[in-house]
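After this come two complexes, each holding chain A, first together with chain B and then together with chain C.
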Partner chain A sequence: MDTLNVPEGRTGRYDVRGLAEPDAEAPKIARVDGESAVFDAAELSPRLINLELRRLIYDEGVAEVTIENPGARHSIAVGILTRCRIRINGSLGYFGCGLADGPEIHITGRVGWSVAENMMAGVVVIDRNAGSLTGAAIRGGDLVVRGHVGARTGIDQKGGTIIVGGNAGSMTGFMMQRGRQIICGDVGGGMGDSMYDGAIYVGGKVTSLGVDCVESEMTPADEELIDRKFRIYGLDRPDSFRKFVCGRKLWNYDNLEPSERKLVL
Partner chain B sequence: MCGIAGIIHKDGPGDVGDEMTRMLQSMKHRGPDSAGYALYGDPSELLVMRFKLANPNEARDFDFSERLERSRREVESRLVKLGATIDRVHGESEYAYRASFRYEGELKPLADYVENVPGCEVLSLGYSLEIIKDLGDAQTVSDQYKLGEFRGTHAIGHVRMATESDVDISGAHPYWAYPFSDVAVVHNGQLTNYHRWRRRLERTGHRFQSECDSEIIAVYLAERMADGLSLETAMKQSLDDLDGVFTYLVVTENSLGMAKDEMAAKPLVLYTGENMVALASEETAIRAVLPQEIDTYDPYEREVLVWTR
Partner chain C sequence: MPEQFDLADRRLTTRAGIDTEELTGRHFPYQFDRDLVEDVDLVAATPGEDLNWLEDVHLMAEDGVPAVFDRYTNAFLKIYFEIPGGREDEYARKVLIKHLQEGNSYGIWLKHQHAKFSQPELGPWLRDSATVGTAWRPPQLAGWEKPAGH
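Up next is the complex of A and B:
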């Protein structure tokens, strides 16, 4: 195994795949109290935090884990594939809570770029702001940000629900294919650009719509969905929402290219 | 990838040298090739010039040190010839120097004349600005140039992952806005209309020391400000004039500014407190100087913000 770029003050190593500290073992510092556990991450590297978290959830069968002092570190609580509750008391850096399938995660601070990327199922609630690429490519579950989010929220979204209490940046819902986004505040330029399907509900102003994104009618089913979600997460509901969907002008799935047509005929 | 960071104290000087080192070191993974600082100390009546006479990875031939000594004497004699009263010229490392002197004339002829000395590059020129950049991570550069003790009001810094030009001091950020005193820029991103702007600015008499696209941002802003625009207006204009993806920070004698391109493609996290503003590519860098839980946010596309100390 090669030793590369070891951060100062850390004895970490990287294996050929780029996995940090491949020989590391869970520090076993958590205070376990029956079904719940709590540990302080202040002195741990991201790898050790994740090892400790996985040990508690998978080996100890703890149902509720609290992480103190996450210190805006990157890639925390990634790849949790079981039902459990995780509470993160503080802020996360980039790529937090990605590849989740099942957990309910509550982050009391802020998160950086790409939170809950590719979530399959579960709930991620963030009490403050989030960076760009929030909920990129999620396929299911609920992602709730009570503050503002950056650009490209729900890029390539394939399912699930993204709820934003504040404003969203440009290119929100870029290339989304299914699922819903409910944004209470204003949205930046190019919203819903090249979206295939799904719906974006906006409570505030929209700077501009992207290519092939059009406004549609709110139905009673839409109102009921929004009401239900807002009740669950205890959010203040704006008076009215506008609904935006795909205009289907770019749907050319059945059209053959001229060269292909020749082959078929 | 690159990492950028900036900090400004509104309530008088702080330990910006140490703070910037900690911020940059926590982002070492974003760029281990070189690290650079633009620090603002107390404004003095003397001009401070940081310059280098060789590159760190240059071959050390038998008369390397004598050649540097000759060049240094030549720089000094040229300063005197232009009417400067030299206070002190001090070697900060094997090949980088700091000169302080009294000088009343135009800065452009001075910089041009000095840079005509073989191997010489003026890294910064100003009454309070000092640019320090070298190969290695932030801690290495800080130790080498003893930046831990530097006190000042504001600073920007950069850790570089070289993508489009060489790994040497010329390619390292921050860039001084030649020939404008006390202005410097750090940049994260790529500019796609670099060559067009470089040709345009070269025609109006600017010099470029590197092949690095970021250098044009500094010169571009300097030229706009020389035309009488405010820093903020110049930065807003740059959003339309520069193509590509970028987040850049700019510092002048008394202010710190940030600008983000229309795609918001490069990250920046911003913390605005009562007495200080800190911003960086990653929140970990801000947390390196503010360990408590803080409220931060990501600026949006086409956002230009300027803070004054």
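Up next is the complex of A and C:
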């Protein structure tokens, strides 16, 4: 580990690449007012931002945290495992808000790839666009992107709801196993390729369907779900949606060992 | 404080089975008595304005018995009380949340020993849960010494 060029005021081991800060401690710079707090991330590394965030939420019992100037840094607000509200005023880089279990996060800017990956529970709302792999492998919760998303949205999705206000790229819902996607705009080629279960609702055009993805009829339960989610998040609802599901030609579910079956629950 | 919160009752197991009853070594009263889960508030127990992650939880079956899947243990929790028709998913979700809120999910028990980072012990479904993982140390193999040069 390169320990040269240690910034002023910082002690201990330091990786000048910013990839590891094994001795880092929370900077304790937030202004705390009751159950809410705000801090400026402009001069902080991703590790210090996350340490400050966790200190506030876990140690100080703060229920609402606002992060100013996130500067499109990567891996911010990862692994938050409690109920709280986080507002990020700006954009994030890749792997933002991953591994979440409980938080309600609002990002006012854009995000890079794999936002909210592996989310277990919670709400992540992004006001602008998101990159590829949005909501990769999420197992629960709501992920709302008001703008457009890149390719492979909800790849390996195992639950939860992904809502996209704009268009989605190619291979949307690739290897999807459970959960729901609601895409208001158009979707690129190979949609739902190798999906095993779940449903994709599309308000615009679909370039092409992937292997074993077929169109299905909308049910009253589908309409109720879409109406409810759009009401909660204040989204404009397209006039109609088409529903796409697994054609079940690739199913070999009964041949799986019981322990394997549980992996997709 | 409910009896289920007694930390002394929590024993990690080396058994091969993965059923909830086998892992925890016990049954739980809310598996048998519907009245014990009637007052569980599902919306209050989940983030957002609706059921959030519980939307994906449904009544299933294990060994021919109605059961709900506990993803935090990777095991089914069987439900033995009679479930009113049309409310199968509701009761499955209530039993699961009761199970989690009372700290009886075996996968959550593992946090005591294995959580590496500061986090709520009982998860986001309960307010003011204790914090675990603040003082994790790598396990040391008895009699093992670090090789020279490392």
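Here are some notes:
Assume the second predicted complex is superposed on the first by the 233 of 265 C-alpha atoms of A that agree within 3 Å, B and C clash if a C-alpha of one lies under 4 Å from a C-alpha of the other, contacts with A are read in each partner's own complex, and residues count from 1 in each chain.
Note that a residue touches a chain if its C-beta (ideal position, glycine included) is under 8 Å from a C-beta of that chain, and two chains touch if they have at least 3 such contacts.
Given the structure is predicted, the values throughout are model-derived calculations rather than measurements.
Of the two partner chains placed by superposition, only chain B is touched by A:72; chain C is not.
Of the two partner chains, chain C is the only one that A:160 touches; chain B does not reach it. In the superposed model, A:123 lies in contact with chain C only, and not with chain B. Of the two partner chains placed around the shared chain by superposition, chain B is the only one that A:150 touches, whereas chain C remains out of contact. When the two structures are aligned on the shared chain, A:177 is found in touch with neither chain B nor chain C.
Contact with neither chain B nor chain C is seen for A:194 once the two complexes are overlaid on the shared chain.
Look at A:232: by the touch rule set out above, it reaches chain C but stays clear of chain B.
Of the two partner chains, neither chain B nor chain C is touched by A:36. Of the residues of chain A, not a single one touches chain B in one of the two structures and chain C in the other. Of all residues in chain C, only 18, 46-50, 52-56, 60, 69, 71, 74-75, 117-120, 123-125, 127, 129, 131 touch chain A in the complex they form. Of all the residues in chain A, the ones that touch chain B in their complex are 5, 7-8, 71-74, 90-91, 93-94, 109-110, 112-113, 128-129, 131-132, 147-148, 150-152, 169-171, 188-189.
Of all residues in chain B, only 25, 28-29, 32, 137, 139, 262-264, 267, 269, 282-284, 286-287, 291, 293-298, 300-301 touch chain A in the complex they form. Chain A contributes residues 54, 58-59, 79, 81-83, 101-104, 120-123, 139-142, 159-161, 178-179, 228-229, 232, 259, 262-263, 265 to its touches with chain C in the complex.
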